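Once you scroll down, you'll see the structures, which are given as structure tokens.
After this come two complexes, each holding subunit A, first together with subunit B and then together with subunit C.
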Partner chain A sequence: MNAQTLISLGRSLLPVLLRRGGQALAVGVLVGMLSFLMMRWLPGDFAYRIAAGRYGYDLVSAEAAEAVRRELALDAPWYVALAGWWQQLLAFDLGNSLVIGTPVVDEIRHQLGHTLMLAGAALGLSLLIGLPLGVAAGLRPGGWADRLGLLVSVGLRAFPPFLLGLLMVIVFAGADLPAAGHGEAANLFLPALTLALGLAAGSSRIVREAIRNVLASEHYAFAQTKGLPLSLAVWRHALRNMALPVVAYLGVQLAFVIEGVVILETLFAWPGIGHAMVHAVFWRDVPMIQGTCLMLALCFVMLNALVDLLCLALDPRHR
Partner chain B sequence: MKLTTLHRIGWLLLAAIAVFAAFGPALTGTDPFAQDLRAFLQAPALAHPLGTDHLGRSMLARLADAAQLSLGLAALSVLSAAIPGTVLGILAAWYGGALEKVLLFISDSVLALPGLLLVLLLATLAPGEFWPLYLGLSLAFWVEYFRVVRASARTLFASPGVEASLLLGFGLGYIVRRHVWPELAPVVRTLASFGLAAAVLAMAALGFVGVGVKPPRPELGVMMTELLPYYQEAPWLIAAPVGLLATTLLALILIQHEEKNA
Partner chain C sequence: MVDVFLPRRRALLLGLGALPLAACRPGSETLTQGEIDGQTLRLVGPWEITGLDPSRAGYLFSRTEISETLVDLDDHGHYVAGLSSEWSVSADRRRWRFRLRPGARFHDGSPVSGTAVRQALEYARVKPGGLGMVPIERIEAGEFTVDLHLRQIFEPLPAVLAHSSTQILAPDCYGASGSVRRIIGSGPYKLSLLEAPQRFAAEVAETWDGPAPAIRRLHYLAVGRGESRALMAESGQADVVYGLDPASWQRLRGNPRLQVQAVHLPRTIYLKLNAGHPLLARREVREAISLAIDRAGIARAVLRDESAAASQLLPPVLPDWHDPALAPLATDLARAGQLLDGLGWARGADGIRRDGQGERLALKLQTFPDRPELPVVAAAIQEQMRQLGIAVEVAIGNSSDIPAGHRNGTLQMALGARNYANIPDPSLTLSQDFAGQDSDWGAMGWSDPDLATGLLSLQGAAGERARVAVRRQVTATLQAELPVIPVAWNRLVAAVQPRLAGFSLDPFERSYRISRMRWQS
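Entry: the complex of A and B
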């Protein structure tokens, strides 16, 4: 690689990195600000609420609430609190959970693995389901596989992960498959399959379009006309062009994955970040809400950057 | 021909749901909050056509109330996302420069947070209230209109027709009315039906996990949570909100389908 290509590579990478870096920064400011507002605006006596979270509703007393108030300095003026809040956030200190008292970072580290496992399994399964369906539909547009695929994808969009998950729980609650909990591989299957079906509903149609467009293109027709064997024509002239829209669509699906993870983890009691976030909202555990939300948003931005880079790698025109 | 049939079915379903949402609460004449503990988990009958829930409340009245809430709030948030989003998109494409840069940065910042998380964060500010849901959905959705409209308006503003109008001395208002809006309208309509589906779904999902609308207010997601424990004794109860939500989504998908192929 000579200096010229390095420079042009840098020129094409820079906008992506700048945009995604700006996004990461903006999301940090937004989540931090909202979390701070949350802390100040929450209705009811915050100290009582936290004390109830720690000791249980039956054991809360005025002394316990007062102790919490002193410990967390809940009565400081707002500007002091805001300055402290930003100082902490800038030092990447997410603070301690208001309810269980442990550092938020430790909790998130534990949950992130579970969330990544669920999201990874769902993406993998969705490829296993969506790719063959899309290929079958794209090779023969208008054929029975195509029409069946369209029907299934419309049906799945009317039953998005949240509704599908609910049906899964009802259907499998009495069967051998565990509908909730975690610990065995079987616990992962239902939530991952639910999310994967929702993802495949979209991706199978994108794969179909991609294949149809490439097979109908002039450059592919020429590759065949000049006598390339099918495997070589597909490998050299079709695959990369097909991959591009599919990978780009992956970026669109990331938001779907994150939202699905939040809802499905709660529904299936899967101990990941989404589950923790929804429960933190219940308990008004603001540092926990902030930490989980930041983590999910930063993962989202990072994965988006990865998709951008992958698209750059696939498409030489933008380099 | 086949597509137009599907398209018509979509509009029919949507119209039926809209009528149910708009007039249902008034027509049923039953209080969705009135409990009758002697008549709980009843099967559909003449007095209560969809049966009664675990507290003896009329399911039909509750479903109508929930439909009104969901569709009303969704329509409102779609409107207040589509109008500023479209206007800002056109202005950014027309003026360019710093205005466009600033708007792009703001929209990028919003895009960095998946919509549901934004709504969830806002909902935490005032649990059980409607305005955070409304605000969150509008804030999350306007970006899509802005980006799509800006991208298409840029190409449209560069077209020979617009150039001719400019040479004749027409202003932005005329150009938008004559050249840009006719092209953009179908796109914005499609986005709006996507937005409606997303808003209805987001509300139900948040209600279901318990961070959106709060009981006893009937809402599709809240009703699902309440009725899930009774799915064995009275499966028709949970089927009602699930069916209504799925039908609404299906109707919105069917009308999009036509837009895309037209």
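Entry: the complex of A and C
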């Protein structure tokens, strides 16, 4: 690799990294503040909620709540608490869970692996389902595969993930597939498939559109004119052009993935970040909420940066 | 020259394919430790590990026989030796000496000494649970004995020492200010994996001095949704599933591949009423509400269990307190209407009654979803009270809203589920609920001096005949005065795979009795 290539490489990479780095910082600041303030704005007494989370409904009492209030200095004004969190964060410390008592960073390390596993498996499955369906629809626009694909896509997309998840559990329970839990590979299948179906519903339509545009293009017509068989023409002259909008769309789908992960992890008792976040909200475990929201937001930015880089790699025009 | 930005198509596709695969690495390196094989007992329940402290989710470790309490209960609810093999009380009944089981060792190999027990109890005193209620003057440790010196006589002490919040952990478990960092107990099983809040695993401890259990390994998984738990039982993913919701219970009862067991709990679903509220202050109103509640209907339609309808506050599983001779709580909407008519509370055009000042009878009912049947029961009560002419708004929130509303006086009605034998002597929970001012989960704006005196006398040295009389009086007063309105009695339901033998349920929910189970040969 010579110096010139390095410079041009730097030139195309730098704006992406700078933009996404700045975004990560802004998102961190906003998410940390907002999750903190939203928790403060919710009705109900903090100390009681945390006590209920810690001791359960059989032992939660006013004494327990007052003990929690003293222990965690919950009477301190909100700006003191927020400043404390920022101070900790600058020292790369996310604090301790108010309910479980363990460091938030340990909890997140454990959960993030599970969440990424679920999200990754879902994305992979969605490509396996969405790509062939999209190609089949795009090769014959208006054909039966296209129309059926549209119908199924609209149907799947209209289903909220939790409803789809419940249906999957009911449908597959007879097939001896694990309904919930983790620790075994088979546990991953149902939540990943549920998420993947929603994702494939979107991506198959994008693939279809992309294929249709590529097939209608002049360079593809030329490839056919010079006598390449269909498979080779698609492989050499259509796939890469088609991949661009599909990869770009992955970035858009990340929002759907994160939303789905939060809901489905609870439904399938999958010990990821979404599951932890739902619990933390219920228990008013503020450091945990801030930590999980921050991590999800940073993942979102990081994966979007990855999508940018992939697009850059696919599309020579932007280099 | 290799140009990273000119990937071959193949490299590109490989890269795309590798993205999800790269994300597929599990974050936990401990998975291998908790590996489940065919000989592992797989337990599933709704209870999450919300903290290691005995006062938090410590009950999970005592139920799975990882940790022990000084006192244990037999199947009939009588006190038997636990970590303490025997105990004696001084003549003035203010010094209790607990002799520790000879040969008892913690899972780290250290002996269970008097000092270790004293330390665990000192920490338990300042945390929620039961020990804070005991008038302890000081705790003294011998080599293998512990003496509890009391400021005054407190007869239910063994019950408190049987509660999971007083379980004894090794001194090494406690960090600064008594926070629990790890679990080292003295029971037949030792913790081998912990992934809070969802799962833990345990295996037989080599330090255990009793008979060797047949089940060598166990794995506990918390699954919050009742439907998911039921499906895990059906698909054979769990050997024991605790806490089936009523609909799943009904469905699984017909499943030939599963055994379904149920046991009545000393837990009652009840309406807590603010008797200080102008609309609820009169006994006739509380009686009218009680008469309007169709307990048999709720038991049949919501809980799917005819025997769940509460005829009085305390269920038959507490034979010392339940009085079968007492006239059961009845449903009689006509009589209930007459009671309100008698107060001059006539119906308005919308079917809702108005009191003497023309104030509409509208009340707020607070409940929580941690026990999934509560919101449904609340909806049934809402409709039954509407038929009586009282408009009810159901608010489903956090369980702590009820004690919080009690303390700031805003609570009107609440639907809860109280375990009267959480500490196995019901007199303690009943005293908390009906004898004092701070009855977060009991009476509100109501008191009865005789009942309070009676309940507190049970903590003293009264003879058995006097105790029986007090218990009868308490049960009768609660039935007549209705400071809280009983609705239904709870059951604990479990689905069990037939490959497991020796399974039984503990109505006091103190133990899963795993060391008594074995695999069907």
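As a working rule, the second predicted complex is superposed on the first by the 258 of 319 C-alpha atoms of A that agree within 3 Å, B and C clash if a C-alpha of one lies under 4 Å from a C-alpha of the other, contacts with A are read in each partner's own complex, and residues count from 1 in each chain.
Operating definition for what follows: a contact is a pair of C-beta atoms (placed from the backbone, for glycine too) under 8 Å apart; a residue touches a chain by one contact, two chains touch by 3 or more.
These numbers come from a predicted model, not from an experiment.
Partner contacting the larger number of subunit A residues, of subunit B and subunit C: C. Look at A:Q111: by the touch rule set out above, it reaches subunit C but stays clear of subunit B. Once chain A of one complex is fitted onto chain A of the other, the partner contacts of A:C311 are absent, as it touches neither subunit B nor subunit C. Of the two partner chains placed by the overlay, only subunit B lies in contact with A:V27; subunit C stays clear of it. By the document's definition of touching, both partners, subunit B and subunit C, reach A:F282. When the two structures are aligned on the shared chain, A:V16 is found in touch with neither subunit B nor subunit C. By the touch criterion stated above, A:F159 is placed in contact with subunit B alone, subunit C being left untouched.
Look at A:V262: by the touch rule set out above, it reaches subunit B but stays clear of subunit C.
Comparing the two complexes, residues 166, 169, 266-267, 282 of subunit A contact subunit B in one case and subunit C in the other. Residues 1-2, 5, 9, 12, 44-45, 48-49, 51-65, 67, 99-102, 109-114, 116-117, 119-121, 123-124, 127, 166, 169, 173, 176-184, 235-236, 239-240, 243, 247, 266-269, 271, 279, 282, 306, 310, 312-314, 316, 319 of subunit A are the ones touching subunit C in the complex. Chain contact summary for the complex, subunit B toward subunit A: residues 105, 108-109, 111-117, 120-127, 201, 204-205, 208-211, 224, 228, 231, 238, 242, 245-247, 249-250, 253-254, 257.
Looking at the complex, you find that subunit C touches subunit A at residues 1-7, 9, 12, 15-17, 19-28, 31, 34, 36, 44, 48-53, 55-56, 127-129, 132, 165, 179, 195-199, 219, 221-225, 227-229, 231-232, 234-237, 368, 370-371, 397-401, 403-404, 406-407, 416-417, 419, 422, 438, 440-441.
Within the complex, the subunit A residues that touch subunit B are 19, 22-24, 26-27, 30-31, 34-35, 37-38, 41-43, 154, 157-160, 162-163, 166-167, 169-170, 255, 258-259, 262-263, 266-267, 277-278, 281-282, 284, 289, 293, 296-297, 300-301.
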